[in-house]
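Both complexes shown next keep chain A, but they swap its partner, so chain B is in the first and chain C is in the second.
And then the complex of A and B:
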């Protein structure tokens, strides 16, 4: 019976983390689709927006839903600013330049979150600690919030991409920006919007993460780990992130269960091993499109 | 490495750590002088570098950047396992050459300087060798390089080896100058910082750019830290002491990438050109 409890609870935690990873990975993928670069500033967007929610609710007593909405708007703003200041001037230059520039943004955002958080004070969001028992699983309210937020973001983006005019236009731009502009699509605006939406997704994922874990500068570690989910799904796939995130979540939770008694903290590193293995054997991921290069 | 093969590596900090630990363990195990251990450790780091570069034999640019992030994280974790106290002491008695004790200030400085000059000379001349030219070709376009008969896999392996060698050398010198190694000096931030130095200096084919960037960042840093920290402490905000450092460095990197991709070297070249042509504009 004890084993059953353990396995059921680990599986539930894996599910929660898996959806969070999927949402974080979605942020990378949306940017990758339009700019063909990995937005390395995302980990700090996550930290920054999580801290905005935390500071607003803890110090200024803003109700959490309002603070969350504000952080989404802020995420959008940061995304748009990154596009305007980095991606657009660097268009046509090697992708490595844009990635290096996002690293610069990573530093700027870290400094900013340090200022916002008054030197990285840690804390929890102060959500009510209610626990529910569903069969053998013990789940807290924040678990459900995390699942709801990340899942609704993912589903929303997937539906938008499939059914709305904006989504179809974004797909066209990511497929072939030159062709899309020939058909009269506003490529620049759409690229900017994509970055903004990626910022919103990151902010939502940050909130889910903050509900699940403590708000701390270490939140960027989760976002870096989500790169593994993103790679596993394939950098330009949208719905694939769910598979990537869940695989990563389950691997990490059960891996920690099995490996941590041998070497503490090893389970946390599994994501990076997954990353290296994917890069070695299936660099375009499970659902990504292979890119063929011509000279 | 960025200049020659056109790839971003974010594992330089961790590789430096490998060099530092390897130097200390080698010197202790074999009871040899650290000066001898440094090149051996650097060679070892070169092999680690080649191993980490394995994914890039199939991939290009940004994929490598991600592989190197993963490698950096795994290596960081390994350091935290072998060195949980964040302190591995470097025995003073090994910092000697023959009977000469080298751990004191002026001698220590000369030793590091000698190594640095040697390494720079090697790097400068590498660009003109057959390997250097092959590296440049691969950096420009690896498919095209393969067609003209360059063994791309071999050249990439060499690139990683060289970059690992230099990182290891730097780590060894670091171990030589401190009394104890702290693995928190080899984190992702360190890697980003090195990348920033290269980008600001000039990520071209010229080694001098990186050197210039490193000097500028280091001195600028110290100035910024001493002045701003005092200022912030006076305002009662000393917790924020390292915030400006992040913001300033990040903005400088972005500014250089967007406005002056050639880096400081590019600016210098233009200034030189201006005076060469003076008083005419062309």
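And then the complex of A and C:
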């Protein structure tokens, strides 16, 4: 019986983390699709927005929903600023230049987080400690919040890309920015908007993370690991991040379960092994676009 | 200031990054409601000229270093491509550059979004290219070459362009399809009162529908004139229309050696 409980609960935690990873991965992918570069500042957008929620609710007694909404707006603002200040001037240059620039932005944002958090004071959001039992699984309110937030963000983005004109135009820009320009699509605006939306997604994922884990400067580590989910899905895929995230979540949870008694801590690093393997053997990921080429 | 011509290109030089000089002093003018053809062999600079007019040259780090491009009485050389397209210039890029991952309908939606057109306005695409209607839900990458080119032109129509730039619509298509396509272009030119600047290697087809033509060779204009004059020109007939000896433009190399127009 004990094993059943263990497995069921590990699987549930894998699911929760999987969705969070998926949302984090989506942030990378939205940017990648328009700018063809990995936004290395994202991990710190996560820390920054998580701290905004924490500081507002813990020190200023702002209700959590209001603080969360504000953090989404800030995420949007940071995304837009990154596009305007980095991506746009570097358009047409090698993508390595943009990636290096986002790494610089990572440190700038880290400084901002430090100021906001008064020197990285750690804490938790203080959500009610309510637990529910579903069969053998013991789930907390935080688990449900994390799932709901990350899943609704992902579903929202997928639906937007599939069914709204804005989303379809974004897909067009992602496929061929030059062609889109030729047809008069507002490529600059759509690119900026994509970075902004990626910022919103990162902020939402940050909130989901903060519901699960202590708010600390180390939250960026989750976002760095989520890059493995992004690569696994294919950097330009949208819905694929769910699979990428879940694979990562399950590998990590069950990997830790199996490996920790032998090699403590290795489970936590599995993401990097995934990254390496994907890059070596399937550089476009599982769902990366295979361009249609008629012959 | 309404000038007689919708577009005037005055003695422009175009350079790609860093120092590749491709257009070496080109002047053309496009009167309103006419079709002007730019003819010439591979690498002559036809596409570069259209990219310079549409501003897209910027995305390839090229620029106009000399001369001017005046559209509707306004200087547009080296403007951002978005500002140029907003003024009514739409460029149908060579090689049937539609959005291959999107369905026909989604291609239309994307461009309709850019120009704030309703779904009703979007019917103009199906009006001129009814074949596409049956393929609305098909991903554009799976259309035949002819259908892709029809979609490419159809998308441009959504913009109701003041000036339509067409780059080698005949490229890689079977003669029968080319004939159909040119029929379509002729029709929509007449009914939509368009102004078209058409770049082509297929001089025969282009001169059939054009009013005026320029022959571009190695970044320079070597010959120009009304289409009917060009059709009858001995050199054009020989080297571009393949009338004598059926050489077509494969003889361009040979012709270059003779340097008749340079």
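By definition in this document, the second predicted complex is superposed on the first by the 289 of 295 C-alpha atoms of A that agree within 3 Å, B and C clash if a C-alpha of one lies under 4 Å from a C-alpha of the other, contacts with A are read in each partner's own complex, and residues count from 1 in each chain.
In this section, a contact is a pair of C-beta atoms (placed from the backbone, for glycine too) under 8 Å apart; a residue touches a chain by one contact, two chains touch by 3 or more.
This one's a predicted model, so the numbers in the text were calculated from it and none came from an experiment.
**Q** Considering only touches as defined above, state whether A:184 meets chain B (first), chain C (second), both or neither.
**A** second
**Q** Applying the document's definition of touch, where does A:19 land relative to chain B and chain C: first, second, both, or neither?
**A** neither
**Q** Regarding the shared-chain residue A:224, is it in contact with chain B (first), chain C (second), both, or neither?
**A** So A:224 only meets chain B here.
**Q** Once the shared chain is lined up, is A:76 touching chain B (first), chain C (second), both, or neither of them?
**A** neither
**Q** So in the superposed three-chain picture, is A:176 touching just chain B, just chain C, both, or none of them (first/second/both/neither)?
**A** Touch status of A:176: second partner only.
**Q** Between chain B and chain C, whom does A:97 touch in the aligned arrangement: first, second, both, or neither?
**A** first
**Q** Per the overlay, which chain contacts more chain A residues, chain B or chain C?
**A** Here the partner covering more residues of chain A is B.
**Q** Determine, under the contact definition given at the top, whether A:54 touches first (chain B), second (chain C), both, or neither.
**A** Neither partner.
**Q** Could you pull out which residues of chain A sit against chain B in one structure and against chain C in the other?
**A** 293
**Q** Given the complex with chain C, which residues does chain A contribute to the contact?
**A** Its residues touching chain C are 91-92, 165-166, 168-169, 171-172, 175-188, 289, 291-294.
**Q** Would you tell me which residues of chain B are touching chain A in their complex?
**A** Going by the criterion above, the answer is residues 2, 6-8, 10, 54-55, 58-59, 61-63, 65-67, 69-71, 73-74, 77, 80-81, 141, 143-144, 147, 192, 195-196, 199, 239-240, 242-254, 257-258, 261.
**Q** Quick check: in the complex, which residue numbers of chain A touch chain B?
**A** Per the stated touch rule, the residues are 37-38, 40, 85-86, 89-90, 93-97, 99-101, 103-112, 114-115, 118-120, 224, 227-228, 231, 263, 265-266, 268-269, 272-273, 275-276, 279-280, 283, 293, 295.
**Q** Which residues of chain C touch chain A in the complex?
**A** Per the touch definition, chain C meets chain A at residues 54, 56, 59-61, 80-82, 85-86, 90-93, 97-102, 106-107, 109-115, 139, 141-142, 145, 155-156, 159.
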